[in-house]
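What follows is a set of structures for review.
Two complexes follow with subunit A in common, the first pairing it with subunit B and the second with subunit C.
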Partner chain A sequence: MAAMARKLTSLRGSQIIVALALVFLLVLAVMAVTGDLMAPMNAARQSLRARLMPPGFEGRQGIHWLGTDSVGRDILSLIVAGARPAILVSGFAVALAALFGVSLGMFAGYRGGRMGGLLLYITNIQLAFPFFLLAVTIVGIMRPSIPLVVFVIALGCWVPFARISYSETMQVVEQEYIEAVRVMRGGTARILLRHVLPNILPNILVLATFALGTAIVMESGLSFVGLGVPTKTPTWGRMLSEGRDYISTAWWLTFFPGLAIFLLVLSINVCGERLRDITDPKQAGKQ
Partner chain B sequence: MHEPSGNGIPLLEIRDLSKTYFIGQGLFREPVELNAVSGVSLRLDKGQTLGIVGESGCGKSTLSRMLAGTTGATSGRILLEGQDVTNLPERQRNKALQHVQMVFQSPYSSLNPRMRIADIVREPLDVHRRDLSAKQRGERALEMLERVGIGKEMAQRMPHQLSGGQQQRVGIARALISDVRLVICDEPVSALDVSVQAQVINLLRELQTSLQVSYVFVSHDLAVVANISDLIAVMYLGKVVEYGRAQDVLQSPRHPYTQALVDSANVPDPALEKSRTPRILKGEIPKPTDPPSGCRFRTRCWMAQERCAIEQPELKQRDGSPQSVACHFV
Partner chain C sequence: MQVFLRQAILGILVVLSALTLTFILVRLSGDPTSIILPQDATEAQRALLREQLGLNQSLVTQFLSYLGNAVTGDFGKSYFDSESVTSIVMRHLPNTLVLAGASLAIACLFALPLGVMAAVWRDGPVDRFVQVAAVIGASMPSFWVGLLLIQVFAVGLNLFPTYGTGSAAHLALPALTLAIYAFPSLARLTRSSMLEVLPQSYVMAARAKGMPESRVISRTVLRNGMVPVLTLLALEIGNLIGGAVLTETVFAWEGIGRLAITSIQRRDFPVVQGVVAYVAVGFVIVTFLAEVAIRFVNPRLRHK
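Our next item is the complex of A and B:
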């Protein structure tokens, strides 16, 4: 009885966490779409008189709930404005990585043999490069731009997609329902798109959420070293690097953008795990 | 060669069909030859059932996959209604083989777990009958499901919501929905409960009568094969050792291996069961990568003599037997 009650409450608790994460993601998604419309103040407006003010300081534009940065910009507004590059850039990067990795992995898994060996070989080469070295080299040589940053982050996260879809495809292709399609003389496209893809998609989706978390951290990292998306106002990663010099005197400069990154990645991972449980057809209907 | 009843071109004719796998290929290793099926010749008429029996590893699954066209033959011919399908170019081969379908061993894993029952059954029409509208194809799928005893209310369910017997019915509906003439049944009931086995076999029979399809029925269970087959071929290590009409093979088995198989089947009468002394085969089936010389069965045969190690017995009618037997001493 007690064990059951505990299970129930813990279930309730996990559901609340998932709900909170979803709400947070939704708010960020709206911010990403509307951009600085949602910001309480003009994020780009500087004020030398109001620089490095702590959270709650009332300035000429109103109350700075999260304080101001070293040139007097409102930190809350900067975080809102920074949601777009954080979410859109990493979102596109993950989509690109998934598209590339899954197509490659499915094809190699279907063909098997040498194709599979070749794929594993390529992924090993990719993994042998430290991502940051590669990213800094590529972005450093070419000029930073949004497509380039998207491409570089995609380069940093496609490998798990390829590997997972490769091994999953190999398992699915062994099943008798694939042989049934072969017997009815269905083509490769039918086998891969109608039978293999729907069966590996749940795992890919879960992987995508985790990759999104990684991509956001990568994007922040690139911004931190000054190789991120060129924007008018700083992205979250750049806010971190700009605030670093004041970390001992004005903690809010780094704390709030860091918290934003942390909460975003956490929410995505919480939702991803939930998604994994839901999409298993045998799990559906239980609970 | 035994001639089944009926004249003219048989629905299926197999001539000297062989499949050799090369296993363990490596950079420094010689590949090992595995003769999964060697020199099999059989024929089957329209509306009839050919049962193929043998223990696991005898090549019956490889044979059924060659017939279904998912595995290529190393040599020999498969003729469907007189047309050789072994060496056709891809397109014509697909066209010729669209009349061959298959029912699989595992009812659950032969259905895509993420598709609805109605969509699974409709799929052969999606491939072959693009001339029908999607709606017509869906209606035909529902009709076919009705015919195998799955009502409309179940058509929108997922495979895991069905019982094993229902799943196998769905597999049968999928095999029979398009214009099919030959169905390869690969151990279709061995994963089912005995009570459900009989239902599924009866369903297959009913559909055979109404649709005039032929079956190649593969199983390790002689009792099941006996129940449905007109012709029976007994396989051992890739070769057919006895082939003929079902009643001849079952009632007066000539080959020692067939005799042992028939003996090992259960007798329903307990008194008779007690009094009889069934011949039980000793030893394991030899490795197919290294089959015995001469007759492949000689290592487990109680009649084996010197001649058996040297001379491979031919599959032919012997001593006025109605069926063909591959043994020197019949």
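Our next item is the complex of A and C:
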């Protein structure tokens, strides 16, 4: 009984956490869509008299709940404005990575043999190199732009998509119903899209959730070293690197933008864990 | 033997792709003479420099001579000071190795025992802690962790210097940052590979013949469960080098990660190429050694 009760309460606890994570993600998604509209103040507005003010400081525009930065901009409003680049860039990157990885993986899994071996070999080559160094090299030499940053982050995320869809497709195409479609002269595209893809989609979704978290960390990391997407108001990563110079006097400059990244990625990962438990009950609680 | 051969070919391909990629990127990025020479340099000066750098040869010739030089460890000189790239990289490399080694040691010190305990007492308090810590740790960007540690231990408690390279005190915070970065995957994998070994029949056999539980865990379970962890450790070192780029930037630690960033910022391309190439070579060697180590730990794999 005691064990069951504990299990029940822990389940409820984890459900509350998942619900919180979903709410947080929803709020951030709205911020990403509406952009500046949600911000309590004009994020771009500087004020020489309100520089480096601590959280709760009351300025001309109202109360700066999270303080102001080195040129007097409202930190909370900057964080709200920064949700858009963080989410859009990573979202597009993951979509691109999934599209590329899954199509390549499915095709290789369907053909099997040499194609599959080649794909695995290519992914091995990429995995055998610290990707972030590669990312800063590519973006740094070519100079940062939105498409380039999206492309590079996608390059850093496609491997798991390709590997999973490769191995899953190989299993699916052995099934008899695929054979039946083939007998009825269903083409490769039809088999892959109508019969293989729906089978592997749940796993791809789980993977995409975790990849989104990775992509956000990568994007903010690139921004932190000055190689992120160019935006009018600083991205979260750039806020951290600008705040680094004031770390001994103004902790809020680095604390809050980092907290935003952390909570966003944490929410995504929590949802990802839950999603994995739902799609694959056998794996539940295993990892 | 065949495995080693395959690994060696893979390694060569990794290094070759790294070299090719950086060569193409640098060639695509424009005329290096505009970086090296002052803006008011005459066209004659530029032409002379192009001649010296071999830029007016065909791309294929340039690429081949670049590869040829790279094989002998010659990546040319920095655009800004006349020091050779290899000696610049070698000057920064020890710092990164110290940092990576220290953080890996700290991470293992916590992740391995905690991962084993989490598996042995599954669903117990240690297990819960490891699971929660792993999810939280995996969600924190390493550079933010670094900044938080600076805030608490350097600015607040004044225990360590804020940034810089040199003493052990300087090493503490960046090493801790990278260790936190490496902890989640290491603890999780240790746990899950232990969980896979625990229900095996040979573990039951060891228990059945009366072997004390501590010995069952330390000899039978650990030895078998450690194989995937060793494989991960090799990958983890690469991950650490990637993470070191950010951590070294946060702490102004004079390693090759920071060298890469500063060289990229001032567009000192030969140094960037050198860093990428040396990291590729280093990582290939580490992966290879890991393959050997795995066969040493697990004799069953030797004949496969």
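Observations on the model:
Quick note on the criterion: the second predicted complex is superposed on the first by the 275 of 287 C-alpha atoms of A that agree within 3 Å, B and C clash if a C-alpha of one lies under 4 Å from a C-alpha of the other, contacts with A are read in each partner's own complex, and residues count from 1 in each chain.
One rule holds for everything that comes next: a residue touches a chain if its C-beta (ideal position, glycine included) is under 8 Å from a C-beta of that chain, and two chains touch if they have at least 3 such contacts.
Only a predicted model underlies this, so the values are computations on that prediction, with no experimental measurement involved.
After superposition onto subunit A, partners subunit B and subunit C are found to sit side by side with no clash. Legend: residue contacts after superposition of the two complexes on their common chain; A:129 is shown touching subunit C, with no touch to subunit B. Note on the composite model: angle subunit B-subunit A-subunit C, taken at the C-alpha centres, equals 90°, rounded to the nearest 10. When subunit B and subunit C are set side by side, the one touching more residues of subunit A is C.
In the superposed model, A:190 lies in contact with subunit B only, and not with subunit C. Once both structures are fitted on chain A, no C-alpha atom of subunit B lies closer than 12 Å to one of subunit C.
Taken in their complex, subunit A has these residues touching subunit C: 121, 124-125, 127-134, 136-138, 140-143, 213, 217, 220-221, 224-227, 237, 240, 243-244, 247-248, 251, 254-255, 258-259, 261-262, 265-266, 268-270, 273, 286-287.
Residues 10-11, 13-14, 17-18, 21-22, 25-26, 28-29, 135-136, 138-144, 147-148, 150-151, 155, 162, 188, 192, 195, 235, 238-239, 241-243, 245-246, 249-250, 257, 260-261, 264-265, 267, 269, 272, 275-276, 279-280, 283-284, 287 of subunit C are the ones that touch subunit A when the two sit in their complex.
Those residues of subunit A that touch subunit B in the complex are listed here as 175-177, 179-186, 190, 195, 198-199, 281-282.
Across the interface of their complex, subunit A is touched by residues 68-70, 94, 97-98, 100-102, 104-106, 109-115, 123-124, 127-128, 158, 160, 171, 174, 178, 184 of subunit B.
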